[in-house]
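Below, chain A partners chain B and then partners chain C, in two separate complexes.
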Partner chain A sequence: MSEFKRKSTDGEIEISQPDFTGMVTLRADLANSETIINIERIIGLKLPEKRKLIGDLSHGMAWMSPDELLVFCADPAAMAAQLNAGLSGAFLVADVSHARAVFLLQGDGVREVLAKGAPVDLSPEVFLPDDFRRTRMGQVAVAFWMSGQSPDSFGLICFASVQEFMFDWLVTASKKGSLPHYL
Partner chain B sequence: MSHRIKKSGILIDRTKPKNFTFNGKKFRGFQGDTLASALLANGQVLMGRSFKYHRPRGVVASGAEEPNALMNMGQGARFEPNQRATTTELFDGLVARSQNHWPSLEFDIGAINNRLPKFFPAGFYYKTFMYPRWAWKHLFEPIIRKSAGLGTAPQQPDADRYEYFYAYVDVLIIGGGSAGLTAAIEAGKTGAKVLLVEQTPHLGGRAPVDGFGIDAQLNTLKNMKNVIIRTRTMGAGVYDHGYALAYERITDHAPNSDQPRHRLWRIRAKRIVTATGAIERTLNFSGNDIPGVMLASAVRDYVSLWGVSPGKSTVIVTNNDDAYRTAITLFNSGQTVAAILDARPMGGGALANQARDLGIRILNGKAIKKVTGHKTVASVVICDQSDETSDTETIICDCVAMSGGWSPVVHLWSHCGGKLNWDAKNAMFSPDPNRPPTGHDGQGFVISAGAAAGALGHDAGIQNAVSAGRQAAVEAGFSASKTIASIAASTPESPMLAVWSMPQNASYALRLKTWLDFQNDVKVSDVQLAAREGYESVEHTKRYTTLGMATDQGKLSNINGLAVLADSLNAEIPAVGTTTFRPPYTPISIGSIAGEARGALFKPTRKSPIDAWQDANHAVWEPVADWRRPYAYRQSGETTQQAVTREINATRNSLGLLDASTLGKILVKGPDAGNFLDLVYTNMMSTLKQGRCRYGLMCNENGFLFDDGVVVRTGEQEFLCHTTSGGSDRVHAWMEEWLQTEWWDLQVFTANITEQFAQIAVVGPNARKVLEKLGGLDVSNETLPFMGYTEGRLAGIWARPYRISFSGELSFEIAMPANQGQEMWDKLLEAGAEFNITPYGTEALHVMRAEKGFIMIGDETDGTVIPQDLNLGWAVSKKKTDFLGKRAQQRSHMVDPNRKQLVGLYTLNPDYVLPDCAHAVENGKIIGHVSSSYFSPTLNCSIAMALITGGAGRMGKVLDFVIDGKTVQAKVVDPVFYDKEGARQNV
Partner chain C sequence: MLLLTCPYCGVTAEETEFHGGGEAHIKRFAGGSDDAEFTGYLFEKKNPRGVVFERWRHVYGCGKWFHAARCSATLEIFGTYSAQTVKPSEAVISVIQARRPDWQVKP
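Showing the complex of A and B:
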């Protein structure tokens, strides 16, 4: 995680793109108690609540929909294998580490940068630590979340094919002096 | 002549001069001036020419309602037409030009129209330019285009950038006058989250002008952390479910800073309070558009706010008490008030007495018969309001301050369906609180406050706003005090008198020069003519006369116009009604609507993992849905067509390389995966064996083909479905929709994993040799036969080669993790060098597939084509009980043997390539069209595919194609032009 594909420190926030984040899509009936037990056992974390993230990028789980989770891990191939072996019934496991790009956003203006592109209430009393939201940023489908550890630290994922566009968008939206200072 | 006065000017800072130019002439104003106040301060009353008659026009108003003082603002990449001088803050270096005049503002040839008003009545264009028909396009329109219109179009791309901002509040308050501030305090006290937006740079609205302080209110608000105030931000529109747009002008007053110029706020509010104030109306008298005739409130604003007097000697004409404030303000600033003409026979109340005590001449029951003057007011001729022929007197003056009463600004209330009541006492429409715009729960979500609610006068407005602010907060879920202290009006006013014509029964000659709509040059006589010609609907009258159109949308003219229309129709004003109020309140920049989406951010471009290499290797890009793909790789000295030919020949003769990463890849998994795919594809997928591939077709419920691709069975319960490059999102959504809404009982999950893999097609007679050279995988025909796949490490990289072919050659499409796509590409190039390995683009791909007669979704299909039309009946299962499209394909029209069917074409001239979509014509009727057409380097002749009525029965026949009036002939042949038996791919 020491290498960055892209990085910008010139604007109101710091934008960086870690070189690699292990990500596995898991689709299953998340209301099924046996499935919940198995997932929690294999991953070693409690199932996240609706629109929440549990853990972090090295070991975590995000709620994507009532039947979809995104698992963050160091070794996605091993994680996919464990899930495939440990789950039963109808489910789908897919390594999506290369299909998605991760951005780390740092700075006290992050909420306002995101609010330029996402129809989401990002005010501090509403968007809370570990909140995870699937939405859009401008024209790009994204999900973003607020880190539970540090209040000004957000993460964002989008599809890999638009990562250049996403980076340019974030750099533009966070240009010095361009924040409305509203939130 | 207008001039700066020594005292007064709340908003200006006389220690900070600002230099600007108007029509190239240098002027100086002060910080805090608007362009309009600065021009007036310099004696520049004439600010533009009118739309139709090119009459001289000066500023009428002091705010957003201004119809006349529209400017070509700025230069070059920061040029923008139709900017109101009254809402343009002055800054150093401002460059403005007046509009709609030629050759100059002072002398305008178009003003000849002014001498011919009888020839330019309502509906003039419709009546005059009907015949001869050819003349409209070639004669009339070019001339009208030159002489009509307002500003000029910008010539350069906009230098600025723009953005959106999404905000969520309990209460949004639009308008920062005393009513808005009051509502904000009341809502803020409850703890509700409040956002107040004000279009001007200043708070308080008219209150400071009329001597009502706002400091106490601002102090209270300063301590409310839950109330946020944004100035220079206009509430532009109110939409369904509490959605509102606000338009923030960030750098209009300070260009060349690196901030976004405008920010469009997209606000979701539980309740919206419209505290948008009221706009004064003009009076309808002859010559009311001559520069120097202004709204009484505007005259007062210029004196109080900017220390500018619009004239040396002013006549006030009014039908209400408020205009007396202007007289008093002028008098107190040392200006001459020549007379006050009050149309009311009994005159005014307390304010009139105040004016009389100052010694101002007041004439009750009097009217302006006409204003004289050309480029500026010279005098007014007065008469009795009730009698035009009464004794007249001429009063010399250079400014007329008129007040026809006030109209609440109901625009934002009305945008989403709020209804209005006619208030006969004040002769105005005001919001009906019982019929507000309603939200998802049927409850009103807009509350009007202050003058905008019809509560005219400062004290009534405050009282109304207290209750509006509390109501908004309570309805948003907060609790507020219920007691409201009643406030007595500090200055009681006498009732106004509705005056729609001045004098009362003005003669035709007077009406001909009595302007209703200054911006569009619509006169009282025009509206009356429209009524006589049968225009009864106010909406039709608007379009016919242009009353209330263009950039101001009749902010000044609407009520007067429909009052005149009602009078002409002998109808009541509320029965005639208003035109529809539509957002935005005043024009907003196109840039703000586009937001950040311009230049590189205009639209996301999807890029494959091998994109950078392609870009560095002279890819000629082609958009394929949101992807960019290389059309061809052009080497130095080559044309694009030569590159395509080279790529095809190299592939057919030895070895080609294609980046196929953009192909959609959807993983389908679960106990019912096979059954599900049987329903989604036309062919049988459940029988596909593990490790095998099958070409499949997808149809919609109407039987029409919409996507195709290779399905791979990767496990007992797992399939990977390839889609077209542009179709992956659509197909995935399609699958999810069926699973979630219709076949929710199927135990199947899907995932779009398109971008997880890079995919490289290695194509040509030497394809196997290069893979064997890379090593690690057995790719022999025995282990990896046609339509099979294998998995393992190829040159050390995890890879899954599929033996599938879209070119007809021996071909392996190799999938690998996306981040290793470039590495594999490089290794293939290196190992393939001895075979002249040649990367090829989408055009070579298209030509090679056409040579083989393979269809392309979007070329051979257009949403009306079923698989059977394309000779793909073999891929439509007869055994399956059901699949999407099955029933539709059994309809009589779908089994008609005379449907258009796919055929191949050889042009009789083998060098001539038919244009795409060329029509085949038989006995004067179109019988089909060309769907794909190329020059085939492989066959050294032109080939085409076409959809032709009864095509299968026309083999060997020659068809006529009409191209640019000439007939081109082509022979119908089998659409598989090359290697029909498939020997080349099966080795």
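Showing the complex of A and C:
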């Protein structure tokens, strides 16, 4: 479990880290119909479409690449055991909960804060609910997604080793009065 | 600034999300080859003015390697295609021929 729980509420957006998010990396051939059936049965959700997130941080799946999913769950050890037992063929399951950091970003300027650091079109007509995008934020590899519930609510994950830098970066990018109010 | 489309995840992004991997479709000479062949494989890269085929990796995205065809003079991108091939796809060759009628496929 990550011991650094950060929170910032004095900028244009609210930045916080959830207490704990179970994350399991699953690498397998996501074009194989038997693999798809097994994953959907074990996790209890439909396989996400390309560059989409399905569910949420307590129970969800994100599309990482044509052969990789990130599974969000409450108990990553149990989830990894279930996947290891229930899948067949070539696959890899790894509990990465301690290797990744999650940030929750809330506020109507969140698109502009992210757009400062990522080469991504974050306009509301292009970046849609449940879109999940792996990219960079400044010089840090991240993935972020837009919540299906609210257009002002985003999540972001990065490697745990750079979470302090990521937090400082987000705080700086969301300083009061620093947004162009363009998006 | 190059705008590349990753053929695996479909993302179109500028080149800072990618990483160039050098000349594409070269034959690897390793164990069993002589020094001249290995030197040629390792160092003697083509660097033409005009149509080039390159390897790129979507390093900040899905992480996959792919191929890109572009013009080294104008930076125009003709297309990107799968890494699981030893020669450019027919689709990208027809795009290049339409855009550069003088260009010939070299063996």
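Going forward, the second predicted complex is superposed on the first by the 179 of 183 C-alpha atoms of A that agree within 3 Å, B and C clash if a C-alpha of one lies under 4 Å from a C-alpha of the other, contacts with A are read in each partner's own complex, and residues count from 1 in each chain.
Convention: contacts are C-beta pairs under 8 Å (C-beta built on N, C-alpha and C of every residue); 3 or more make two chains touch, one makes a residue touch a chain.
All of these numbers come straight from a predicted model, not from anything done at the bench.
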Notebook entry, point to check: With both structures placed on chain A, which of the two partners, chain B or chain C, ends up touching more residues of chain A?
Noted result: B
Item checked: Touched partner set for A:120, first chain B, second chain C, both or neither -> both
Note to self: Looking at A:165 after the superposition, I want to know if it touches chain B, chain C, both of them or none. Which is it: first, second, both, neither?
What the structure shows: first
Notebook entry, point to check: Touching A:66 in the superposition: chain B (first), chain C (second), both, neither?
Noted result: second
Check: Which partner does A:58 reach: the first (chain B), the second (chain C), both, or neither?
Finding: neither
Notebook entry, point to check: Is A:9 touching the first partner chain B, the second partner chain C, both, or neither of them?
Noted result: neither
Margin query: By the touch definition at the top of the document, which applies to A:150: first (chain B), second (chain C), both, or neither?
Written below: neither
Notebook entry, point to check: Is A:99 touching the first partner chain B, the second partner chain C, both, or neither of them?
Noted result: first
Notebook entry, point to check: For A:50, is the partner it touches chain B (first), chain C (second), both, or none of the two (neither)?
Noted result: second
Notebook entry, point to check: Once the complexes are superposed, what residues of chain A are shared between the chain B interface and the chain C interface?
Noted result: 119-120
Item checked: Residues of chain C touching chain A in the complex -> 8-11, 13-14, 16-17, 60-64
Check: What residues on chain A touch chain B, complex-wise?
Finding: 20, 25, 27-28, 67, 89-92, 94-100, 112, 115-123, 126, 138-140, 159-162, 164-166, 168-169, 172-173, 175-178, 180, 182
Note to self: Per the contact definition, I'd like the list of chain B residues that touch chain A in the complex.
What the structure shows: 161, 163-168, 193, 228, 230, 248, 257-260, 263, 266, 268, 595-597, 600-601, 603-609, 627, 667, 669-672, 747-751, 753-757, 817-819
Checklist line | chain C contact footprint on chain A (complex, rising order) | finding: 50-51, 64-66, 68, 119-120, 133-136, 141
